[in-house]
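Each of the two complexes below includes chain A, the first together with chain B, the second together with chain C.
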Partner chain A sequence: MNAAARLGAWLWALQRGSAAVLAACVLVHLVTIVLATRAGLSAEAILSRTQGSVGWFGFYVVFVVALAVHAPIGLRAIAAEWLGWRGRALDLLTALATLALLAGGLRAIWGVFR
Partner chain B sequence: MKRLHAASAAALAHRLSGLALALFVPFHFWALGQALTGPQALQSFLDWTRHPLVKAGEWGLVVLLALHLALGLRVLALEFLPWHERQKSMAAGACGIALVAGLAFALQL
Partner chain C sequence: MADVDDELEVRVWRGGEDGAFQAFRVPRRESQTVLDIVTHIQRHLDPTLAYRFACRVGMCGSCAMTVNGVARWTCRTHVNKVARKGALELRPLANLPVIRDLVTDMREFFDKWARAGGQFRGASTRHDEFARVEPASVQRQQVDAGIECIGCGVCYSSCDVVAWRPDYLGPAALQRAFTLMADERDTAGRERLQAVAGDAGCHSCHTHMSCTERCPKHLSPTAAIAKLKTAAARAALRGEL
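Presenting the complex of A and B:
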């Protein structure tokens, strides 16, 4: 197996593995959205649920890490198939998108947890 | 032929909903990050989201999220479960419709 095929196999496994984790996270997130909206959405209500909650902190960290793996691989597939992008530049963009989502997501979690 | 068309439509909807969600997520993270400057900053953002157009956008995002989830479960079922093709499509369709209808009702939009 050459390097490109090996990378493709890894990306496929990471995409499916993260999808399985995200399926559970998204279900929890959708239920939370519905319950929070019904109760009346406010900064106070959001922060009273999340601030200092180790359980929600852990849940959102898992959610963000799975998302940061999943979304860039999906965007990479779209860029390759629809725009014809290939090679090292695409690899670099995928890695940058992962890091940017991780940084932004973890920052958001810290904002509502601390 | 008809089944192939449905499978192509499902794949395209899965891809487009994923693209839209991927474009939205950084904005979502930025909005939640407002809490870093204090609850008032987050509340100001939430006040802005009460605009009817923004609410319609939020509803669209929730529906896209439910749709992407349902179609993603369809992909996982196709690749990992020994289900018959038609059963898989029906199961995914049922999940999607149930989620979208349930959410639309629950959000009272």
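Presenting the complex of A and C:
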């Protein structure tokens, strides 16, 4: 019972905290996209700005980590409510979704950084 | 106001879970409540109709039903306000097993109050002085905000999360738990927090606010649940959960 309570409270706090980070990240991300496309930047021009840029690299790592924390907790709730999953299945789903998002996100960042 | 000799078309749920609607025509009266309608049907049209009521004045919380799709206390719901084109549809409360007609089995609803730690536990005895609780204190105000719950089940019946995961403790039980968490005389805070922060507890709430919208006493279980979430997170971060 205590373990379930601790887990519930931690998941809630993590999702709230990551939501706050995501709110800022999404805003910066969208503004950047709009500015880049309106300025008519080519793929090469964008890559020349991101490759080797520690700033953009750091920003998107934070973005991806926040996403990988936030989204799986939501998926977990959906699986519990709509599919009736409980216990181990939920933990597995959360872990897999976290790993998949981390792997995909970090790979994409590495692709435009290196 | 409709003429008193008008009639109302009332479709009433009959039987158990797999029952069906039965139609009645009920004469309209001035200031008529939905409970008056049900009582008229039982006394004059079909004495086998099962429904619950006790106080008739909005205190006991026993007469709640689904009226035209919305959970309401029927003793204080005027027909004028809810009838659509001179028609009413009455069903038992949703999210609870139907015993018969308009009567639901509320055991699970109240068992969840117990599961959420809804019992007061103090440290003092009858030999001690009365606790002096400052009426204007924040904690006392928080208790006041939720203490008038009459246990009618309207919030529980209106809650989407209860419909989706039946083990969810529900708005009424969680609000009750919060009034005790805010009660400075209570000593079972930690256990209660463990009880409400579990798998189907306060964190399952999606803040849809249907409970707050529908509560006939205008309470806000949503606010109480939000405070429980925060309290649980604080306790977890401090390693006290």
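Everything below uses one rule, namely that the second predicted complex is superposed on the first by the 111 of 114 C-alpha atoms of A that agree within 3 Å, B and C clash if a C-alpha of one lies under 4 Å from a C-alpha of the other, contacts with A are read in each partner's own complex, and residues count from 1 in each chain.
Heads up, the rule we're going with is that a contact is a pair of C-beta atoms (placed from the backbone, for glycine too) under 8 Å apart; a residue touches a chain by one contact, two chains touch by 3 or more.
Just so it is clear, the structure is predicted and the values come from calculations on it, not from any experiment.
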| item | value |
| --- | --- |
| Chain C versus chain B, contacts on chain A by residue | B |
| First, second, both or neither for A:A23, with chain B first and chain C second | first |
| Contacts of A:L47 with chain B and chain C, given as first, second, both or neither | first |
| A:L75 touches, of chain B and chain C: first, second, both or neither? | first |
| Touching partner for A:A5 - first (chain B), second (chain C), both, neither | second |
| Partner chain in contact with A:L96 - chain B first, chain C second, else both or neither | neither |
| First (chain B), second (chain C), both or neither touched by A:R38 | first |
| Partner chain(s) touched by A:G105 [first = chain B, second = chain C, both, neither] | first |
| Touching both chain C and chain B, counted on chain A across the two superposed complexes | 16 |
| Footprint of chain A on chain C - complex, ascending | 161, 164-165, 193-199, 201-204, 229, 232-233, 235-237, 241 |
| In the complex, chain A residues that touch chain B | 16, 19-20, 22-23, 26-27, 29-30, 33-34, 37-38, 41-44, 46-47, 67, 71, 74-75, 78, 100-101, 104-105, 107-112, 114 |
| Residues of chain A touching chain C in the complex | 1-2, 4-6, 8-13, 16, 77, 80-82, 84, 86 |
| Chain A partner contacts - residues on chain B that touch it in the complex | 15, 18-19, 21-22, 25-26, 28-36, 39-40, 42-43, 46, 49, 62, 65-66, 69, 72-73, 75-76, 79-80, 99, 103, 106-108 |
